[in-house]
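Take a look at the structures below.
Each of the two complexes below includes chain A, the first together with chain B, the second together with chain C.
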Partner chain A sequence: MNTILRIEKLKKHYPIQKGIFSKKSGVVKAVDGVSIEIQRGQTVGLVGESGCGKSTIGKTLLSLQPATAGRAEFDGEVLFDIEKNYKASQQRLMAVRKKMQVIFQDPYACLDPRMSVESILTEGIRKHFHYTRTQRREIAAQLLHNCGLSEESLQKYPHQFSGGQRQRIGIARALSLQPEFIVCDEPTAALDVSIQSQILNLMLELKKEFSLSYLFISHDLQIVRHFCDEIYVMYLGRVVERAQAKSLFTHPLHPYTKALLKSMPDFESGKSKIRAAIHGEIPSPSSPPKGCLFHTRCPYIEPNCLQTQELEIAGEGHWVACHKYHTFNEVVS
Partner chain B sequence: MNPIVEVKDLSIGFRSFAGKKIVIDHLSFAIQKKQVFGLVGESGSGKSVTGLSIMGLIPQPGGYRESGDIFVEGESIFAMSSKERASIRGKKIAMIFQEPMTSLNPVMRIGPQICEVLKIHEHLKKKESKDRVLELLQEVGIPDEKKVFNYFPHQLSGGMRQRVMIAMALSCRPSLLIADEPTTALDVTIQAQILELMQRLVRESGISILFITHDLGVISEMADEVAVMYCGQIIESGVSQEILRNPMHPYTKGLIEARPGNYSPESGYRAIKGSVPEDFSTLNGCRFAQRCQHAMEKCFHSLPPVSQMDTRYLRCFLYKE
Partner chain C sequence: MKNDILSPRALAWKKLLRNKLAIFGGVLLLFLVLSSLLAPWIAPYSVNEIDLFNIESPPGVDHLLGTDDLGRDVFSRLLYGGRVSMTVGLLASASQILLGTLAGAIAGYYGGWTDSIIMRLVDIIMCFPFFILSICVAALLGPSMRNIIIIIAVIYWTNVARIVRAEVLSLKKREFIDAARAFGLSGWEIILQHIIPNVMASVTVYATLAIANGILTEASLSFLGLGVKPDIPSWGNMLSAAQSMRVLTRQWWLWIPPGVLVLLTVLSINFLGDGIRDALDPKLKV
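== the complex of A and B ==
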């Protein structure tokens, strides 16, 4: 197995501007030093609450937004290396982008309402390949077929489809350039439960068929649990825990991961006293707390927590950014 | 015991240039005192329209009542004058919505917004209402309530806004709170806090809640009774734990199996095939028939009647009393 994508110490800071001269008055650290590694054929999950920077990672990765610092490498090709002041040229990016695509969250917003399905699906093909019109149409029909829609849909417009069907079109579009890697930014968050499963199954099938790798961004731990091989848990722009999906759910180490798992409404337990696992709100990313970012809400806080803690290895394939995890793990679990 | 709200055989439709369309079809249920009643269904199943209708707010333009009635503490809301109905809203029944920012006035400070309710319904003086509002804000767990009193809505986070909405809803001590997907827009850790708050309210102030959601996990933790809606009809209803543990209607079964936590490597994620029919008022038979694995010949032609089994109501030909 080889690495298809490697991100090192990625940072994305947004300046806060004030006044009529847009004076810089602060900075929002949306992503602050995140490293991710994705092996070929693997699905990596990125979980966290809103505002933790998970979508920003996806965007900077695809060079839709410039990174502030860090380095990204896709399939042996360096996309950007800010320290060395290197950015891949537009030409090189064109070639790489063919291999990395994206599926968006909102199927109502991501399709141009004035384009027919055929032109939505063939837009990328026209740009990147030299096919005739009939060939393009054949490819588009095949794509629709792969995604569970009929060929008649080619002539239709997005408004004629339901949410689930639109998401299928979005997926078909992502596949149109035969990518190797797809960023999935909450692809099922806007869908009903019964449709959600259909889309997840489709994505699993396509992954097998076209040997894809996914970066799966989600806030729903239940989905990530079975869909991903490895999971990164993010909080306020940093990764607090990284583990294989199975061990994350059986042995969560970071107090934030534990709180997340505990807060999930549990279908099995039945009517019970709901226990809010943690109190308080997520601090504002423009003025994050010092030291461990979670210490304002952590039930196990001690003076040490005011010092920054990097990810450290805690077990086989399991990293955690908490210097107390081994002490309370035995006591609480 | 008299129910707080009783919906009897209610049908709501919409008129447009394309003709009539029924979106709620012969709905009946009752909410008792101190009860959390869950209404589950996918988008378009009519759960929000049901909630609004109980408030006497059938969506306009085009919305009308085809048949049936709604009784609030024994009184029919359709027999009331619009003035009388307005006096019930906020006082006897209050409602909170999914996205609190859209229901708060963005150019009005939090305190005066809540005071307004008290001024209209309880005719309180400025000073009295301020004290009451501070009490309310404290009750819903807002730290530093004196400061928040003077905040504008945009200065608060999503969770805090929802708390403000709940404080506003509670300001006149209503007997029923209609919560329309109150936690869908919130993060899980904040969702748990809000749900905890709502449970405490039921316990301590004896309010009833009509909890509208699509999330079965939330229903399982919150509701005493549950009604599952599909295409404007209740297809199964009863005690929530019984229904969730032992679902009988194929749709309820499908919904429960479709939870992503229910994945198995052999069968993948369990989906319900097909999608919700867009125009279901033309369907003669069972609304779920096209997607149902157990559909029989008659399911497509005639609508199954509601049958009762112990405490459960069911609309399916597969089961007979």
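== the complex of A and C ==
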């Protein structure tokens, strides 16, 4: 059993309510049929523009929000299976929570300003294990040490740290229950570039040391490229392309992925190329376009793009949801 | 970062101690509290001791602040009266804070139906005219200190509930709440360990104002004869003497001193409350 996490056809729809009687007037399809598979020890990246539903997937996985449809299985334990009307009980969920933790985006909002670092780090331990105060304190000190902070920080409060240090505390907290899998919800998005690499390196080290698996949610392709093994590209709540990191960056197939890659600043060549920005706005998820969701902005649109296209295999370990990806090689080059 | 390991609380103390107005309020309040606490040792006469030879006498050597229509010593009664006023202020404030914080936190955190029910109840209570309700309660249960406290608490917890709920609505969107949920903490644990400590700053400020408000309410209810029984001295009770034109125009010593004391107490509490608010605001630098 090598698969640690399997999500099948996950959907998360938010009703739009209007008026005093909360009449349902529409629905926002934040996540619309996403399947993800993560092998043990793997880092899987989830990229896409803001609002494409990537963070929602993380929250649903952690059971912070109920899913609308779909099934998720973690480490052999079914978390929910909406079709069969099954949800893991509180007890089972508690066991899962020990193994699945989360790192957040905003280092300023993710730590309770009224708690000392020691109580932040021992909060989960108090809930899940029966240790004495001194034992807990030792664990907390060890966690800080693992994340590159000194033991003196235990008595301090979040406001006394910089953004990068806070993020380290957030990581230490996620590690406090010795999880196997961590959802990283844009952990570097709010940090300076120099700090970003420190945090990423720390996460890589920790991954090796504790044999972790990551679901790495990000909008930054540069980071995902070097950090992830496999990458899912999301657009408007759906996965449009799934591939090994290398293959995605050398042979992007979906027009959206191509556009994203082109809009990436190119540091390596040193040339200042004209950025081929994606034209138009991202459509509203409450009224998504029919057929291929990207067709309103796609430069290669043709009539049958108005039909829905599921992910299909396009090469070894490479899936794409596009009607005419195979014709692009001629068109683009 | 210097070597100053300061908890938010220690930082707040430091800021408070630098606020001169707050210090003034605190010292004045301490003086007033001590003088009424130590009333049995300070007061020259006992509460209901009647001096038949000196009825309605103006301030003088025997009676520092004169005597009332029954020949009771005004100064002594003032000292004892402070006890009633301050007890009402303190207990009424504490109980409305307790009720309001819990109700507000539950409404804000759980949302949905729970929120609707609690907040509609708040709306309903806020619709009642305060004095009519308290006159009814006083008439039914009889005027007493305990009843005043209950009336104030039952009516005013709604303000706290609103303040707390509004704050919880923004708090619960913060990521540390999600982190706690990811640890598997229950709603109650999150409310007690995360939500309430984080709303305490604004609640503390409201609490000081509620004490002042409680003292004023006790004074006005007693002034109308709906408060404590007339034989027990309270500042409001003593003020009610000023209902007679004769006292108002000729016997200033019967009503000016209790009025001034209410004024000073409320003022000092408000100064202190303002200071605490500034001290707890992390955006204001020391």
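Basically, the second predicted complex is superposed on the first by the 322 of 333 C-alpha atoms of A that agree within 3 Å, B and C clash if a C-alpha of one lies under 4 Å from a C-alpha of the other, contacts with A are read in each partner's own complex, and residues count from 1 in each chain.
What we mean here is this: a contact is a pair of C-beta atoms (placed from the backbone, for glycine too) under 8 Å apart; a residue touches a chain by one contact, two chains touch by 3 or more.
Every value quoted in this text rests on a predicted model; they were computed, and no experiment measured them.
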Which superposed partner A:M264 touches (first chain B, second chain C, both, neither):
first
Return first, second, both or neither, reflecting whether A:L177 touches chain B, chain C, both chains, or no partner chain.
second
Looking only at chain A, is it chain B or chain C that touches more of its residues?
B
Just to be sure I read the superposition right, which of the two partners does A:L111 touch: chain B = first, chain C = second, or both, or neither?
second
Contacts of A:E37 with chain B and chain C, given as first, second, both or neither
neither
Applying the document's definition of touch, where does A:E8 land relative to chain B and chain C: first, second, both, or neither?
neither
Between chain B and chain C, whom does A:D75 touch in the aligned arrangement: first, second, both, or neither?
neither
Residues on chain A in contact with chain B in one complex and with chain C in the other?
none
Per the touch rule above, chain A residues touching chain B in the complex are 49-50, 162-165, 192-198, 200-201, 204, 219-223, 225-227, 259-260, 262-279, 281-282
Quick one: in the complex, what on chain A touches chain C?
59, 62, 64, 93-94, 97-98, 100-102, 104-106, 109-116, 123-124, 127-128, 152, 155-157, 159-160, 170, 173, 177
For chain C, which residues are in contact with chain A within the complex?
1, 5-8, 174-176, 178-185, 189, 193-194, 197-198, 200, 282
Enumerate the contact residues on chain B facing chain A in the complex.
42-43, 157, 159-160, 187-193, 195-196, 199, 214-218, 220-224, 240-241, 244-245, 254-256, 258-261, 263, 268-273, 275-276, 278
